[in-house]
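Here's the structure, in structure tokens; my notes come after.
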Amino acid sequence: MRQVGSRDDNASLPRSLVAEALGTVFLLIAIVGSGILGERLAAGNVALALLANALATGAALYALIVWLAPLSGAHLNPLVTLVMAIRGDIALRSAGFYVLTQLAGAVAGVAIADAMFDMPLYAFSSHLRSGPSQWLSEFLITFGLIGMVWTCSRLRPSALAGVVAAYIGGGFWFTATDFANPAVALARALTDTFSGIRPMDVPGFLAAELLGALTAVLLFRWLVPNTR
Amino acid sequence: MRQVGSRDDNASLPRSLVAEALGTVFLLIAIVGSGILGERLAAGNVALALLANALATGAALYALIVWLAPLSGAHLNPLVTLVMAIRGDIALRSAGFYVLTQLAGAVAGVAIADAMFDMPLYAFSSHLRSGPSQWLSEFLITFGLIGMVWTCSRLRPSALAGVVAAYIGGGFWFTATDFANPAVALARALTDTFSGIRPMDVPGFLAAELLGALTAVLLFRWLVPNTR
Amino acid sequence: MRQVGSRDDNASLPRSLVAEALGTVFLLIAIVGSGILGERLAAGNVALALLANALATGAALYALIVWLAPLSGAHLNPLVTLVMAIRGDIALRSAGFYVLTQLAGAVAGVAIADAMFDMPLYAFSSHLRSGPSQWLSEFLITFGLIGMVWTCSRLRPSALAGVVAAYIGGGFWFTATDFANPAVALARALTDTFSGIRPMDVPGFLAAELLGALTAVLLFRWLVPNTR
Amino acid sequence: MRQVGSRDDNASLPRSLVAEALGTVFLLIAIVGSGILGERLAAGNVALALLANALATGAALYALIVWLAPLSGAHLNPLVTLVMAIRGDIALRSAGFYVLTQLAGAVAGVAIADAMFDMPLYAFSSHLRSGPSQWLSEFLITFGLIGMVWTCSRLRPSALAGVVAAYIGGGFWFTATDFANPAVALARALTDTFSGIRPMDVPGFLAAELLGALTAVLLFRWLVPNTR
């Protein structure tokens, strides 16, 4: 049984990749699916749609991380994998396979969610998400997420699932963006529904996320030294 | 004290069956009762009704599984019992009694919920739930549930209640169906309220659920080898 | 440090009674206060008011039980104290003091909640809650609560707070009544707000609750034998 | 790794202060940000706005306390620091730095939240919050919070984050105020949005909070003697 942040080995890499694929497929189903159903049922009240979206995504994150962490670490996020590689918790080659798998899983999850709700499998989103305040928001939410993962994976591994679920679920409301995940950002460009993002707005999000993650690494490398 | 997935023995079978009966009675009370009250109070806003339905069902699942797992394993679902039998965690004869008890409990729970809210004890549902996107949804939610039960009952037994509650509670929003339980599907055909399903649509759901469960067993037998 | 169900002793009785008083004061503040504010802000949508009422009460129950269980067992309910006395976990004389304290705390809590929201400190409720379906509901919710307390206090004491909070919070939606506590029922007769109950309807609730509790004791004495 | 209430030492003080700063920045982002977005999306329904505000703040508190408690104790509140100093769990000099850091973090968090949502960074609030019933409410919520922190930091440290999150999240509904934190009260005077408080109303809140905290210390010093 392995925790987020444990060293991988070649014997278990295929199992880990299947777990990462399952996790990102279900994560995107949760985000996109609950966005579609929330908007469809909320009769025009965006607060109700976002409430459903936030609660369903937070609940899914909790279940997915507890379920899959013993199999792959449940990174479910290229930036988490990158940070684990920086800390030496995953080999670079494995990290590369993790990221490719996460991207593929996320893209597949969007199509499955759209299919469940009889929407086109893929359609470029027209949901405008751009501008400095959105980038500030995306920088902050990612900074916090990586700070939590860095800290809890060392000091409180069994609480990590609950912390991430509460933080990202709450972040639907206390930030203006709450993606904090490049695989999610890219995949969400492919659905023209409640959770979508215009393809041309994705690069700004990716840059803000990367900057947030690297800032967190610089700070938390000092705050939580890498000893076990 | 026994965990989900432990071997049963003849001495405790009657106690286990009473626990499974109690659990399925209360599970159907939670699903059907909160559906009725949610729809009644939501003044036509289906999102609010579904929010109440999802939160109450998730909360009930958490309480029921923690409460009853030491007594029967808290399967509360014929497919969970089937999978435990496949893995050798419950004897075939006991499994048969479990499934019969779950069906009886679910049917009784529907009548009690209807009685609490002054509805006819039993009435065939007229709620249409059919078509390929619904079957895809039901396949997926069941696949995920069985994957979680298979994994967590071995590797994280104390977290199983929270995982199932979060996943099924969230699934009200991120899937189009979220039954994942043949006893629940059959019993919900017997109430013509918010949570109902037309009797003629039940077979499609049962087939999708069975297929989802068996697919999960094939995959997770490899992902989580059966060692203790 | 003592768990729910542990034996009390004379030295700590005053501390236990202060803890029971604090707990019931805050419990009634949570139920009555969130009922008032929910109704006031919901603009006529009863589903929204009940959602706030259920979430706030469930959250308060969780916090109060974890907080006070090491001090008094956090019974907060005369029927829980009665059942603990039947099982021999609390002396009869102490149990009597517990019940008197719970009643006094509940009555005080109603006045404090009303004062916080500028309502009359006490006013008889005009909220009709009567009839066989209400009594069935009250029997069931109490039966389940006592079954959970009996089981978890022996087999899963650290999970009891979460189980009770989820069950009672969810029960706002899946039952028609969800009191399950004679001190709460009596005190709620004294506020003419969202959570009130007509004084003349209280005896029916008390009878249903007592019957539910005793039925649970009869069944769970067999299901969970009194060994440690 | 340190729990809330552990002794600090000079070597780790800078790390602790960075953690307290991060925690109060994110806490104010959660309170103010979710207030702004809740009100903006709720289309005039204050119950929906407050529901989003309460859920997001409770979720953030849980994540922040679990994340930062190993680094600084995660006080995030001058009154918690004061009480820990009274009990001898933190040196007076460190406590002074903690309080200054919390105030600075809270003030910074308000500006960041406002920036994320394109509001003026700072603007005096016009939200009237005054009068005896508000002060009673603020006395009570602070009394309960300090009682919980005092008790759980000794007897149930690993449950403290969940208890505080549930209590403060629920308190949005069952009290009329729910600040319970002087740094939060001061900072909320600086945003003219949903969560604001008129500067001239802050002193009444601070007095009620201080009185509540000191009353809790007097009572809980007797209820939970200071032994380890």
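Note that the chains are named A, B, C and D in the order they appear, and that numbering of residues resets to 1 at the start of each chain.
In this section, a residue touches a chain if its C-beta (ideal position, glycine included) is under 8 Å from a C-beta of that chain, and two chains touch if they have at least 3 such contacts.
No experiment lies behind these values; they were computed from the predicted model shown.
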Exercise for review: Can you give the shortest number of steps from chain B to chain D, where adjacent chains in the path must touch?
Suggested key: 2
**Study point:** Chain centre separation (chain A, chain C; CA means) in Å
**Key:** 40
Revision key, fill the gap. dist(centroid_CA(chain A), centroid_CA(chain D)) in Å evaluates to 28
Exercise for review: Mind pulling the residue numbers of chain D that touch at least two other chains?
Suggested key: 45, 48, 51, 55, 58
Check your understanding: Can the chain contact pattern be summarised as a line, a ring, a star, a complete graph, or none of these (other)?
Key -> ring
Check your understanding: Inside the complex, what are the residues of chain A that reach chain D?
Key -> 44-48, 50-51, 54-55, 58, 133, 136-137, 140, 144, 147-148, 151-152, 155-156, 159, 162-164, 166-167, 169-176, 219, 222-224
Check your understanding: For chain C, which residues count as touching chain D in their complex?
Key -> 1, 15, 18-19, 22, 26, 29-31, 33-34, 37-38, 41-43, 45, 48-49, 51-53, 55-60, 62-63, 66-68, 70-71, 112-113, 115-118, 165
